[in-house]
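For clarity, chains are labelled A, B and C in written order, and residue numbers in each chain start from 1.
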Amino acid sequence: MPGPGAGFAALLRRDLLLAWRRRGEVANPLIFFAMITALIPLAVGPEPSLLARLAPGMVWIMALLGTLLAADTLFREDFLDGALEFLVLSPQPLWLLVLARVVAHWLVTGVPITLLSPLLAALLALPGSGLPALVAGLGLGTLAFSLLGAVGGALTVALGGGNVLRPLLVLPLYVPVLIFGTAAVARAAAGGESAGALALLGAITALALLVSPFAAAAALRVGIDG
Amino acid sequence: MARSGAFWQRLHRWASPPGFYRLSGRWVPWLAAASLALLALGLVWGLLYAPPDARQGNSYRIIYLHVPASFLALAGYYVMAVAGAIHLIWRVKLADMLMSAAAPLGAALTFLALFSGSLWGKPTWGTYWVWDARITSMLVLLFLYLGVMALRQAYASRETAGRACAVLALVGTVNIPIIYKSVDWWYSLHQPATIRLTAAPSMHPDMFKPLLVMIVAFYLFYAWVLILNTRAEILSRERRAAWVRELAEEDVT
Amino acid sequence: MSPAAPLLEFQNLCFERNDLPLFEGIAGGVREGDILQISGANGAGKTTLLRVLTTALSPAAGSLCWRGRPLPRARTRYLTELAFLGHAPGLKLGLSPRENLRWLGGLFPQRHGAAETALAVLGLADWADAPCAQLSAGMLRRAALARLLLSGAALWILDEPLAAIDRDGVALVEQLFRAHLDSGGAIIFSSHQQLALPGVKYLELAA
């Protein structure tokens, strides 16, 4: 009988291997993220002071949309090819398997988006003093997005129209993350202190880490029956 | 022991759809009369007799609708979530019927709170929509309600829909305090010290008493409509059951 | 343990969809060496019943016992001794059969170092390292069956195991079934086809 960590490790390994084999597809949210960012100056004008004011919010909204796009792969594919039944019927704790899926999702979407964000923030004329807060905030925030997105993904896993429904369920839950994340960047960019907002963001991510795997596991057990 | 056995038996009878249907039938006229009387009293008192506010004049009177509606909007979400939890854990079907009745009612009250808030915004701020902390939280709450309702619609199986909505409502319950706190925090960051809809620092007792009446009236009204909705839900789901047929035949003859 | 100890027993199972029972009063069970075939018209609830038997779905009423202990309390024990195969093979198309067996080995108990033989028995030795996307539907199903051989589970629950399998494949499945039953295992499966096996019990679901 494999120990409780074995399922987590096996699933994480599987997902990273799969992501590596189709890295082109995995890069799509990143390209989306970059393209939309490039559209903003075209829409509002190239004036640096205006762009700098919009930058914290815009980069965060783009990151949110990028992870949301990719959240479709969280459980839906496993549902369609039947692998989800193996997860649900494994003697391993389901929440731990869910956590493995979430961590893989974050490593494949959230982390690259975070790493790409300074470049895009620079395109939007964000002052350099805001960059550390942006990277730290997005690193935490995208993990929270993946965790909350897993609950939405699990609830809509068997629904054909889940693509449209999932954001409806999940977006209200993203509000606190967005508020603290953007506030941290805006404060740091204005030369202020961002540690308080980042600490609150960290607390929310920690809470999501505690609650979401269990909620998503409960949702999967329900949602597997369309 | 015998007493507690009798208690569980009685509880079980209430929790069965026909038992609840019969019992609640006796409550409905009382709730209807009490809530309508209190609503009339509170409205007349608040709108006609309470003194005008020193700064806002008469426009503050919208609080007699706005405050009770936003109380109930929030409380309604918790009613929904608790019913969902009861359904999820003990598989009480009645709780699911209550939950599906509570969602549109709560959404309607949230909408009323938003609508009355924006009406108040026009004379106060000169615009119908201001990103006030309370109104913004209400908007997010409306989205949470709409999510639960959309999820219930999406499932073909009622059993799965009920349990999925319960999980979502419980997740929302954990999130609501965080959302409210974060929106307050965000608001204090961007708009320090303007007039806020409910933060009247020293409300005159003559203004406050009708508000209390309206709050109680709204609670009773909520209970009344919730029970009516639940009874309709019970009849529609149990329409094939013998007791509903008997009921229908009684009505015809 | 006596050879006839009951493995899975179920009584009075009822499953509701939209407040109407899909099936009700279903009872039965398997002992070691038993094979039970669930039959019935399309839409009679065969797949749902099988999923209730695996505990993936919970019934509206009725009880299930694994080795005499009630489910879902004995669930973890039950799941370590159960191997389920659904409609879809549950294999990732981007991975090879060997890689698929490997990640499944993290989720379920597996006999060590038996992957090679299992794939060989199912005629997939040459395909063990090819991506599953290149395999035909029948080969995918064989790869999924390899997991059963590896699992060492006492009870197999299989939803339409004969779908998409050619005549040689059916003979192979019969052979696998016989070996599993002879070693004291039990099988519950759904199919429209008759298997050439002795002692198959039937459970007919009315539409």
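Worth pointing out:
The rule is simple: a residue touches a chain if its C-beta (ideal position, glycine included) is under 8 Å from a C-beta of that chain, and two chains touch if they have at least 3 such contacts.
For clarity, every value in this text was computed on a predicted model and none was experimentally measured.
Farthest chain from subunit B (centres taken as the mean of C-alpha atoms): C.
In terms of Cα centroid distance from the overall Cα mean, chain A ranks first.
Per-chain CA centroids place subunit A at a distance of 36 Å from subunit C. Taking the mean of the C-alpha atoms as each chain's centre, subunit B and subunit C sit 47 Å apart. A straight line joining the Cα centres of subunit A and subunit B is 33 Å long.
Shared interface positions of subunit C, i.e. residues touching 2 or more other chains, are not present. Residue positions of subunit A touching 2 or more other chains, listed in rising order: 225. Residue positions of subunit B with contacts to 2 or more other chains are 156-157.
Those residues of subunit A whose C-beta lies close enough to touch subunit C in the complex are 1-2, 6-11, 13-14, 17-18, 21-22, 80-83, 85-92, 97, 221, 224-225.
Only residues 156-159, 237-238, 240 of subunit B touch subunit C when the two sit together in their complex. By the touch rule above, subunit A contacts subunit B in their complex via residues 151, 155-156, 159, 161-162, 165, 168-169, 171-173, 175-176, 179-180, 183, 200, 204, 207, 211, 215, 218-219, 222-223, 225-226.
Taken in their complex, subunit C has these residues touching subunit B: 16-20, 60. Taken in their complex, subunit B has these residues touching subunit A: 88, 140, 143-144, 146-147, 150-151, 154-157, 160, 163-164, 167-168, 170-172, 174-175, 178-179, 181-183, 185-186, 189.
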